[in-house]
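For clarity, chains are labelled A, B, C and D in written order, and residue numbers in each chain start from 1.
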């Protein structure tokens, strides 16, 4: 495999709320290689989106605090860049597709204006060349009549088309890394498939590494090679996608997988749940955050935090992992 | 409400504002209970006496005590503020609630029309018109403000009621067969209390400012003292070198408005749940 | 001038424009002479139009002088018929109302027409009361439909330049009424063309004509065709001892109006008016009382502060009128009462309030202590004023007041609630609060003296004219220099809505008023007037009164003797500006 | 077609509003309004004379008839004559309105532009000291009464007790420098009194706009602060900004100029209105209220139409 295009080491994030400061991401590290696809999975509110925003440096300064050893994109540490330099990286080397296509685009500019301004910002050149690139990008993303799309305003498009336009915008500079934050959550199934297909195309056509953030294991499975499982701000398991589904080692991962409704006429209505509820982030249990809900908990789990145990490519943070 | 108070307590500016408002409210109470400020009408000295132990802020042209008049002015401001805020908030809540609950219906249309009409008449002209129509009645000013100030409250309440109406617990209330008005007044409007509270402080500020300007123009208070009347007197006096009325009235007015503005801000922050989102 | 110093020739040929800038403390309403009710409107109207008579510029007491009239009238033996010749060759200003736009000659018929207008309901005129029931056939003319084609036997143009007036009964004040703006001569053509809009589009034959006007100022320019009548100090009643230092002598023989342009600034706020004057924006000001302290260095005798001596001329003048507070005698709670005992008690209460009133303090606070307080309705400005009159009426006597209250068995609980009316203004409110304080000193509970504030002066007038106000604070400005004008204020038949706002109705007073009405000023009439004054005092119908002392201040550049009473606007034509060569584009 | 029906609907609603505005103001201001009878009457009037004046003022006519006449007058812009000066109301308005516009426009524009500028700056630095400073100053500005501002400015700038560099009253404007001379202090007063409110309002709008998802998108794609603020935030906030501006025009013109003009003796519409109030000049009052109502409704309608230009979302909804 080639060199990593995105490396994050020891990222921690705190959030200030009216009830005080609380930690939402706790010391996570991972890396992605060029052309690779990695899924970041976890329940809502576990810190996935915060992690993505931290990578791009978009955490709101007024109420968040971040500590991190480095965030490297194509080997350059984002943390060491000034505003100007970082803006050159954003949208060019690393791009992002957001969860809500409905609001992620500026309602008062046309699709064409918004996409071409990204191109002009990073690649430069004339208005015409930017327009050409825009049309091409839209066409590659699967629009049949890109010349009409460029003239439309976001509200004139459906959610799926907006998300596709977002992807066209994200891919216009052929970034090395694309972060897709729940790109399909708000969309129906057929559109989901279309989006996944486009992400796959990006990877194969431009060698873009993709960090796919989702709570939906099915989506992760359909696209990703590797999976990171996150719970209450911590990474619990990191492994190959197929291996995770076949032999999850962390009890939480196992629980997650068993929760996927299996659509089969033989076993109607068999939906498993993980007992208990996700703890409130202001009141996290000591030790392993999952321990109160885990049926394999021992005293140790409540006293100290388990570290990643490396077993080849399969890493897990658990004192009593599943076999 | 408890959490609102908790959040408010942590806002130093807001608490400062609350303190100022409380001090003025206290002053008002002393006037109402007859402890101080009763000598506002009495000539107790000569013209233009400077500050002394007997006359803390000096005296005015007639020889009346400016300090007592300032105190009484605070009571006037509070009286107008309370009456106007109370009635206009009530009116705004009821009409805004009805309007939102029956939105797009004829009730809504009529209320919106009344609102539009009242919004289209320049306020001071309207106040003057009410003063004409109610020649010499002491509550003409109150009425003019109540009748015009409810519209903003109603607009905000209407939006909120439309929002709440779509929520599940309202569906549930409907499902168990509660009447429309019961749901509106028992279950929907109580949920707008935090908005009404913030809006009430804003109306209070507007009422005080307006009282001062109307009294200044002679359309306001009839028998009594208002900071506006003191300013009206002073606008001629300052050029003759007498600043007592002007400084006392404008400083008192500034302090009270500042206090209310800070409080309104803090209340708005404390009741705004959006700020707590991740 | 600086001719020959390289000035462009054009400025040499252009005559410098002399501008007199005047500050007025109020704005005129309508400038239609028939509607010139306010001091301010009258002040302007007499400059835009011609009246038959005016007062002499410098003579005091005021003396009549022919204006448009060629001479004083010829009066018949019975005193009822006056024949007045008018000047020939006087023309109205050029105006589109006239044929070819050129002002035609002023004729006797124009005067007849102008007086008729007051009796035409369409005019909305305000001067009819001056001639009502006085001129033969005039009131009948109105009741027959105000048809201008109908002749009036008592008001006729004998020819183009002779007017004949026949009175129904002796009217000693008639000539005074012919100095009023109301009696100005208006051309019918202008009414035909402008109708009601004549009020903003004057067409007259006065010394000035209108250039522009808005709510804050008016500009008048010299009427180039105004008749040339050389100024004569002697004729105008020049009094060297009192008027010698003003530099008026250089005007002898010159032809008024002396200035080319009048700029009248209407500045109602005292402070703003004083500022405008201090900044040199106007030549003249009636000094606001709030500035008396800085303007004067002494009160007795009145003397100007040294810092102003070199730049300003100064003159104090007694206001032709007075300020007083009437009790509404038609109100049973304080005025006449059918029950004799109650009637007496009410009188005792009124007299107690009169005694509680502190004129000294009122004078000190609102008139800088230099107003003249006098008992009754005969102020120092009229010859009938009695310096040895009943001064007890204007002296504060709290003991006496309390005694009267006791006598009338008045106490805190049974004292009536009084409504003190005034139109909305800061000063009126202060005057009210002071009044209430005076009454508090004799134990009148403050909550029983209530302010009744009116948004407009008209509404206040309506209220007291309909008897809805108990205490009526008023000021009276005399229409002409004859005490009759004051005495009629308490004449029973003039009760509200007439000028008798107190609704005072004393048969004896009414009888005396009637008997004196045909008398000219004379010792006999003076005796009657003083007797009437005493009746008024005995009945305590009014808390009265004070006559203001006005201070006029003007730039030394301006040669003038300003006046605010009967001469009014007539003096403007005699104002001269020295070295003021402002060229107005 | 849609647009035409939209416009007609707006206009119809506008007419309904105008009827309401004129009715209420007529009822209060004219029917129960001031009475000039006794001001326009000579001394010692007879009851016949009183009746004549009342008749000539039209006070004796039935309410509905007078109201219909009023609507007719407004419709034909034949507004009658002032009861005070006898001038045609149209010419009073034609003379005073331009003065008021010239008087308030600089202050209005400056107040809004400065407010927008401060708001952008504060919003971008949200929570940091420039924001706190600006917001603190705004609250102070909001707490000072217009009256106090005017009195203080007048004393300090226009009288010998202060710098005495501007005229204390009047409006003798004949060229640009004299215009500046007369307009400066009123403008300053207007800016001071509106700046606090404008800044706070616009900041709230900006903060909301800056918090929007599409702004995050822009930042994720490397847009500069300048581009975000001046291209995207500003264009998106145009609707609330324009609404505020449009709606405040009739009020600034009447209510704002009322105090300014009566203090500074400027013969604009505010002073005319003030005088009409204090003297009970009904034809002027009727015209001012009626026309403001119409102006307001026009602003309302224009505002709705402008939405379509600024916000592409409106046309299809």
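One rule holds for everything that comes next: a residue touches a chain if its C-beta (ideal position, glycine included) is under 8 Å from a C-beta of that chain, and two chains touch if they have at least 3 such contacts.
This one's a predicted model, so the numbers in the text were calculated from it and none came from an experiment.
Peer 1: Grab the C-alpha centre of each chain and report whichever is closest to the global C-alpha centre.
Peer 2: Answer for the innermost chain: D.
Peer 1: Measuring between mean CA coordinates, which chain is farthest from chain C?
Peer 2: A
Peer 1: How many Å are there between the centre of chain B and the centre of chain D, using C-alpha atoms for each centre?
Peer 2: So the centroids are 22 Å from each other.
Peer 1: CA centre of chain C versus CA centre of chain D: separation in Å?
Peer 2: Centre-to-centre distance between chain C and chain D: 39 Å.
Peer 1: How many angstrom lie between the centres of chain A and chain D, each centre taken as the mean Cα position?
Peer 2: Here the centre of chain D sits 52 Å away from the centre of chain A.
Peer 1: Could you please state the distance in Å, as a whole number, between where the Cα atoms of chain B are centred and where those of chain C are centred?
Peer 2: 46
Peer 1: At least two partner chains per residue is the criterion; list those residues in chain D.
Peer 2: If we look for residues of chain D contacting two or more partner chains, we find 34, 159, 277, 280.
Peer 1: Would you mind listing the residues of chain A that make contact with two or more other chains?
Peer 2: Touching at least two other chains: none.
Peer 1: Could you pull out the residues of chain C that touch at least 2 other chains?
Peer 2: If we look for residues of chain C contacting two or more partner chains, we find 269, 275, 424, 455, 459.
Peer 1: Can you tell me which positions in chain B touch chain C when the two form their complex?
Peer 2: Of all residues in chain B, those touching chain C are 41-43, 47, 61-64, 128, 131-132, 135-136, 218-219, 222-223, 229, 232-233, 235-240.
Peer 1: Give the list of chain D residues in touch with chain A in this complex.
Peer 2: Where chain D meets chain A, its residues are 126-128, 212-214, 216-224, 232, 235-236, 310-313, 316.
Peer 1: Provide the residue numbers of chain C that touch chain B in the complex, in ascending order.
Peer 2: So the residues of chain C touching chain B come out as 269-271, 274-275, 290-291, 293-294, 364-365, 424-426, 429-430, 433-434, 436-437, 440, 446, 450-455, 459.
Peer 1: Which residues of chain C touch chain D once you look at their complex with the stated criterion?
Peer 2: Against chain D, chain C makes touches at 27-32, 35, 37, 121-122, 124-130, 132, 196-200, 214-217, 265, 267, 269, 272, 275-276, 278-279, 281, 424, 455-459, 461-462, 465, 479, 488, 494, 497-499, 585.
Peer 1: Mind pulling up the chain B residues that touch chain D in the complex?
Peer 2: Residues 113-114, 116-126, 128-130, 132-134, 205, 209, 212-213, 216, 228, 231, 234-235, 238-239, 241, 246, 250, 253-254, 257-258, 261-262, 265 of chain B touch chain D in their complex.
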